[in-house]
Amino acid sequence: MESLFYIAAVTALASTVLVVTGKNASHALIYLIVSLLSVAVIFFLLGAPFAAALEVVVYAGAIVVLFLFVVMMLNLGKGSVARESAWLRPSMWILPCLLTVPLFLGLVYALSGEPIQTAGAMVGPKTVGTQLFGPYLLAVELAGILLLAALVGAYHLGRRYMSERREEM
Amino acid sequence: MNFALSIPLEHVFVLAVALFCIGLTGVLVRRNVMFVLMSLEVMMNACGLAFVAAGARWAQADGQIMFMFILALAAAEVAVALGIVLQLSRRFDSLDVDSANEMHS
Amino acid sequence: MNIFALIMGLFAAGIVAAASERVHAHAPRWISLIAFVVALIYTSSAWLGAGSGTEEYARQVLPWIPQFGIQVFLVLDGLSLMLVALTAFLGIIAVVSSWSEISERHGFFQFNILWVMAGVVGVFSAFDLFLFFFFWEVMLIPMYFLIAIWGHENRSYAATKFFLFTQISGLLMLFAILSLVYFNYQATGVITFNYFELRNASLDPDVAWWLMLGFFVAFITKLPSVPVHTWLPDAHTQAPTAGSVILAGILLKTGGYGVIRFAVGLFPEASQDFATVGMLLGALSIVYGGYMAYSQSDFKRLVAYSSVAHMGFILLGVYAFNEIAMQGAVVTMVAHGFSTAALFMMAGALQQRLHSRELSKMGGLWVLAPRMGAMTLFFVVASVGMPGLGNFVGEFLALLGAFQAHVPLTIAATIGIVVAAVYGLSLMQRAFQGVPNPDVGEIEDFGAREMTVMILMMIGLVWLGVYPQLVLDLSAPVITSLGVAGL
Amino acid sequence: MSHAWVNSVMPHLVLTVGLMVLLLVVAFRRSHALAMTSTFLILVIAGALIPQSLAAGSEEVFGLIRVDGYGQFFSGLFLLAAIVTVLISFRYLDHRASSCEEFYMLVLTATLGAMVMAVASHFATLILGLEILSISLYAMICYPQEGRLPLEAATKYLVLSGVASTTMLFGMALIYAASGSLSFSALGQPVDSQSENYYWLGQGMLIVGLAFKLSLVPFHMWTPDVYQGAPAPVTGFIATVSKGAVFAALLRYSVISDVLSNASVVLGISIIAVGSMVAGNLLALLEKNIKRILAFSSIAHVGYLLIALLVVAALDDPGVARETMMVYLAGYFLMTLAAFSVISALSISAKGQDSEQLADYRGLFWRHPLLAAVLTTAALSLAGIPLTMGFIAKFYLFAAGVQGALWILLWALVIGSAIGIYYYLRIVFTMTQSETTEGSTRTYAAPMETVVTAGVLGAALILFGVYPTPLIELVRGLIGAFGA
Amino acid sequence: MGVLWLIPTFPLLGFLVLFLSQGKLPKIVVAIVGAGSIGLSAIVAVVVGKAFADAGAEPQSQLLWTWMRVGEFVPEIRLYLDGLALVMTGVITGVGFLIHVYATGYMWDDHEEPEGFSRFFAYMNLFVFAMLMLVLGDNLLVLFLGWEGVGLCSYLLIGFYHRDPNNGYAARKAFVVTRVGDTFMALGLFLLFRELGTTEIQASLAAANIAWPEGSTMATVIGLLFLGGAMGKSAQVPLQTWLPDAMAGPTPVSALIHAATMVTAGVYLIARMHDIYIISPEAQFWVAVTGLVTLFISSFTALVQTDIKRVLAFSTMSQIGYMIMALGVGAWSAAVFHLMTHAFFKALLFLASGSVILALHHEQDMFKMGGLWRKLPIPFVSMLVGSIALAALPLTSGFFSKDAIMLTAAENPAAGMVFWGGAAMAAFMTALYTTRMILLTFFGEAKTAAHDSSGWNMNAPLVILCGLALGGGWFGLDIVSGVLPDGGITMHDHFSPIALVTMAMPLLGILTGWFVFGSSRGGSTQLPGTEFAENVRRFWYSGWGFDWLYDRAVVAPFVALARMNKNDFVDLVFKLAASTTRGVHHVLAVIQNGRLRWYAWNMALGLVFVFVVVMWEALG
């Protein structure tokens, strides 16, 4: 079972790297889904099946699809791949990696002290649910407002886009 | 039915950190705003992973709950962000973040 | 006497003056003039009304910010009273001297003048350190406006420089004030900004030294002393006449006042340790200021540098730490107020007539305007330190006292009076004597308004020169209370 | 008891319900004036309920939020800022968007987010409040329908803020992994030795996230661009509410979690503080765009305010830090809002870009004396000159710094202020100069409500600058009665 | 005694009237006020003097008011009259009055400064007032008031013709150079006060006698400082250079200020403070040396001048040198005596030369005069009388005083023969240049047309002064005997070899002069025309190069530095700070480049920084 964790981890890593380095937006999104699914597996292995399900349903299912819609709308097809290649010269990786790689190594070093094991206990949807609508009730309300704010904002931005589009037509 | 594994926490966290750093690198490197947003999603996902892992350490639901808030957050952010992307592509005729560079000292 | 009412009255007069412009373009200056006359009468009546030997002419305590032990604590002792009276007097001079100079925005102009003066009165009478600092800064802003709006060609630079110098040094003072309060709080458990209570604060000598330095820097910047004097020539040169008059006559005095009242008053021991440096800066200012005055070719710049030199006597006198020298410093403050204000008024009058302050564009003006010449001569002679006039009494006492404290520095400072002769007479020569400048056409000589003011200041200087006792009596109790030794 | 917590979160509830009401109102009838008026009323009602919410007692609600005097003071400030924003946006938006009603919803959500942050005592509420605020702000920044700058600003803010948020979230996850609790109150207890690195790394990343929102050096670079690009009323809102909320949360968090017991954290924050004070002021020095000047100045001010935070570490008593923070932010709110209300007033009829070039302000003193006076007051207040609230605020900082013996920071404060005076004066100076013949053709039809708002803010600045006692009493009362 | 205060009051009133009327009074009124005020003073002085003598020459004082009261420093404005002060007062008011009267004529039709008539008398009156305060003040501070006051008036009057920048320069030079001396005096005053706690003259002298033993260093220092003051005011080497230039003023000014009164203030000061010098023989010795050097140098200089007033100026310097030397060798009374007689004859000489100059339309070059004795008889006679008195021909006033000085000098234990020898040499030179002056001016062929326009008001003072110059020596001056330590003029054996030589020197000088200059009747310019002699002449002419030296050593560097530093190098420090700040701003502004990824990069950098900070301890 542990090996499953590592396989998922490697899959997640690899697909994520492909997301970040990809040139074709649609492909990158597919890789992102792969990465998210791998993480979902890990969630499952960590004893969080509810989180794993949400990861698949909401993240991979809803958010990434939203991305895909926009990619379609903006026609980020083959033509943009060439442009991406032009924008993504290899030398551009140097400066960012100069920071992120040491950061990664430093973090890994700092976190790998005496080992801590995870509990290995499953926290099921029921527990989560009781917590969520118990003590976290206010937070859930807030999350709702958060989504409302996003809704209003996106509505405003998107409506204008649509109306402007119509004018153009 | 307990599939939960007892694995070293730092291994999960190394994965989370790796995802986080990859995402960060993506933000630092990519010029196409879509990819930048994807990188942000990666980073956010890394946070979710970290929370779930931390929750797993204590066998508490709080980690997962935080993960759910992160989901909500990601969704909200993506919604607004994509709205902005649409406007960007219209007003700047480009998704290149460097082209949106009219303000500087 | 109600000091608070006086200050508020000046503030209010400022607002009224600003508003009155809508009624008539000349209304503001009349309001301003009346306000200062009333203030002068009010102050003088407090002076005359008090019996001899009075040490405090007024005292007022109003609550302000009780949480920090901050009060509106206003006291007029002799020194304060004298300077407040001088302020009111020079207010009149300032208003009159700019009577016809300002062509626009009369209301706001008088507003600023009145507000500067209100701030200055506050500075001279505040015995709460917070309140003092408050007024200290309040007087800057209108002064800034005076320079920035009605100044001459390079006003932006000058106004900003003026503000920066005083403000930065003011921050140091704020720093010192708060530290002083805090250390006092640590020792006594009481938060207070009260001057008299803070005087009794027991401080570690090192700490006291640093705090004193904070005050000192603020005050010598305002004074100003070498090496922080460089804002003064620019500010003076660019300011409108009234601005220069106020700046030289009053604002510089706040520096001298601060040194006496706070730097020395609050930290007598630390100041004693610091005395040599203080005197050194004083002597340096005297000589270098005089020397720089000679180098200048701009009438106002020259007078500005001469102010630096004169202010050196204040520093020299105060840090000599004896009664004679300190009295000298006090008399110098008053006398310099008259003499330099008059010279700046003259510079303003010349600029108004010639549209230039360059001495090379003057010359031989005596022939064209003998009354202006005679007046300039008088005030140049006064500022050169002629016995029988106020400046002499101040400088002589300062030197006499300083000699008891530090001989070499006094000798250096005494050389300054030779330099004073050099620049003073050179000013006279270049502006009023010699071959009349062919480029200068007819110019209007002083009229009755200007002559009245000039003669008032002349009387002031002569009075101070032959019988300074009134001033000395006013400041004597203050100086005694500083614990300065006689001889 | 169950009733009590409802009472104590009443202002928040009013906002939430008001949001729904507004939604319905907008759905029922699209009217800008109606939306504005109802928003104004909602905000006022929420503000009016604050005393009542405090009277309900210091209340820890589900361990998520803590409604106390400290937090509600900030809530009040945010409501004030929101009211001002609403007032100054009204005419401003008329010229820039075809439908303006959503803007007011966003103002409401943003304010609610900020208010939640002010009372947050749990990571969940903290991050949710922060994100509600941020998400609303993204949309508010690019609200105008024309022009590229708002969009550019929103993009920059969105991406960078996203990075900051994730960093912060990751930090929270690390802290949670180390301590097992997401509630502030459970922090501060020592964690087991193998978790220590998790814990401190988490704290570090959390600080980075908050530092970004506060635009501290080196996380400050978005600030000028966002300030410039955003519509002036929104910029005012960002400058005040966004910063204030983060500070309120940061101080509460620091006091409870005892993060400042770590000497190197204190050192790091001190370095950031000094850097912000100096760099912020230096950046503003010769800037010609007034919004950018204010942006840089806000960087510096936030740097100053860190002194109040660091006092927590230097003194046992967090009361000093709280009081300083509250008074300073109150002053900062007033002066920043005053400045931006003037800018908004002058930008209303300016097509496209705001009136943001210094040159646009030439001769303002003679064209519109009241607005000029308010802007002058605001500038002097930002510079910390007496007679204005800014001086009292700076006085507090100095006092706090002296008490905490933070000498180096105080020196940086002195130097920073010294540099600062220069550019604040430049604004004032420009306004006093006569207009040049060309380029001064702009006419300003400043609407009444904006001018009145600006005037009231300016008057408040001077009033509290001269007589701060009521404010201090209020602040002390709030801290004393409901100290945490 | 009660009217003593009137003596200075009249001139002061005169000044105020003239000053405040601002030139609006008619000339005749100005003349009456200007000269009349001094006349009144003179009358009061006579009355007071009579009363003083009747009262047995007891010193008397009159307190006017206390100037100020600062701790122990309580200078009073108190007038003090003793023999010395009386003599001085007499000279000032008497000679002053005559000169004022003369000036009413001299200045009446002044072409250069037609509106200046009132101004002139205002200054003159102020001068007399200041001079009277100087001699009557019983406090060094009051003395100092007069001291500076006369300096000021001197400045004003030298620069009276202010249209010519050279006059302005001369005036400023006079003021500044004397101020250097004043500085010494002021320092002396400070020191005196520090040591003795008072600045009252009589009290401090009494205290000094008690406090300081003979040869006391303090006395020496104070004595030397006062000597410095005297050097400036009395134009003694090395502060003498202003006096010749001071001749730019109108001639009555030269007569009054730069011959009769102000320049002798130094003599008065030292005589007044004599106790200090008695205590410190060393200081006194240097007084004598100063006098000797001055009289020696200036008499040579006078010999080669071409300007008649400059001759007289150098002659004045040398005569004051005599007085100072006299003080230095202990001939106190003789010095004061010489001061008085010198006032008579030098005033006479100046006024006479003034008449000549006026007649020649302001021509002052002797080589452009000549043959005037017929045309200007009264000036000629006056000049002649003045000259023989100056040359100290026996039985003239100058003879009595100068003889007394030289013979006392010869007795000086320190360097008697040197003093005597130098003085004798100078006496010879005096006669020589006087002869030259007379010959050049009044004899030979006329080179410029002369118009004698002097009225009675110019001639009468000449006549009176002629009388005084001739007979003034008979006053004897017993009156100072009570004041000064030598108890009056010492009577010497007039037939000792030294006395005979002393007497012979002037005669010798006149004969030589007649021989050298008379033969050529002023045709040959100077001494035999070798190159060496020409160089010597030039050297002497320049006043022994002092001006040259000061110009290069002091004035030129001062001015050059002032030019260089006009913009104040101190400001550079602040400008540098400002430009540094600006530079850093530009660097930071460049970093603020608007690029999103760059901003993010910096955030990541900050993240790394924070990581290092929090992990500092953990990472070691």
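Residue numbering begins at 1 within each chain, and the chains themselves are lettered A, B, C, D and E in the order written.
The working rule: a residue touches a chain if its C-beta (ideal position, glycine included) is under 8 Å from a C-beta of that chain, and two chains touch if they have at least 3 such contacts.
The structure presented is a predicted model; accordingly, all values stated were derived computationally and were not measured.
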Intersection of the contact lists for chain C and chain D: E
Listed by label, which chains are in contact with chain B and with chain C? D, E
Quick note, more Cb pairs in contact for D-E or A-B? It is A-B
Most centrally placed chain - per-chain CA mean versus overall CA mean: C
What is the chain whose Cα centre is as far as it gets from that of chain E? A
Looking at Cα centroids only, farthest away from chain C lies chain A
Centroid spacing, where centroids are CA-atom means, of chain B and chain E in whole angstrom: 95
CA centroids of chain C and chain E: separation to the nearest Å works out as 37
Chain centre separation (chain B, chain D; CA means) in Å: 26
Take the average of all CA coordinates in chain A, do the same for chain C, and state the distance between these two points in whole angstrom. 70
Sequence positions of chain B contacting 2 or more other chains: 9, 13, 23-24, 27-29, 31, 37, 53, 55, 57-58, 60, 62-63, 65, 69, 73, 76-77, 80, 83-84, 87, 97, 100-105
Could you check chain D for residues that touch two or more other chains and list them? 124, 128, 131, 135, 138-139, 142, 155-156, 159, 163, 197-198, 201, 224-225, 283, 287
Which positions in chain E are in touch with at least two other chains? 588-589, 592, 594, 596, 600-601, 604-605, 607, 611, 615, 618
Any two chains that touch count here, so list every such pair. A-B, A-D, A-E, B-D, B-E, C-D, C-E, D-E
Sort out for me which residues of chain B touch chain E in the complex. 24, 27-29, 31, 97-98, 100-105
Residue positions on chain D within touch of chain C in the complex are 365-366, 380, 383, 385-387, 391, 394-395, 398-399, 402-403, 410, 414, 417-418, 421-422, 425-426, 428-429, 432-433, 467-469, 472-473, 476
State the interface residues of chain D toward chain B in the complex, per the touch definition above. 123-124, 127-128, 131, 135, 138-139, 142, 148-149, 151-156, 158-159, 162-163, 165-166, 169-170, 172-174, 176-177, 180, 182, 198, 224-225, 228-229, 283, 287, 292
Chain C - residues contacting chain D, complex: 63-68, 105, 108, 130, 133-138, 140-141, 144-145, 148-149, 156, 159-160, 163-164, 167-168, 171-172, 174-175, 178-179, 181-182
The residues of chain D that touch chain A in their complex are 9, 16, 19, 61-65, 99, 102-103, 105-106, 109-110, 112-113, 116, 122, 124-125, 128-129, 131-132, 135-136, 138-139, 142-143, 145, 193-195, 197-198, 201
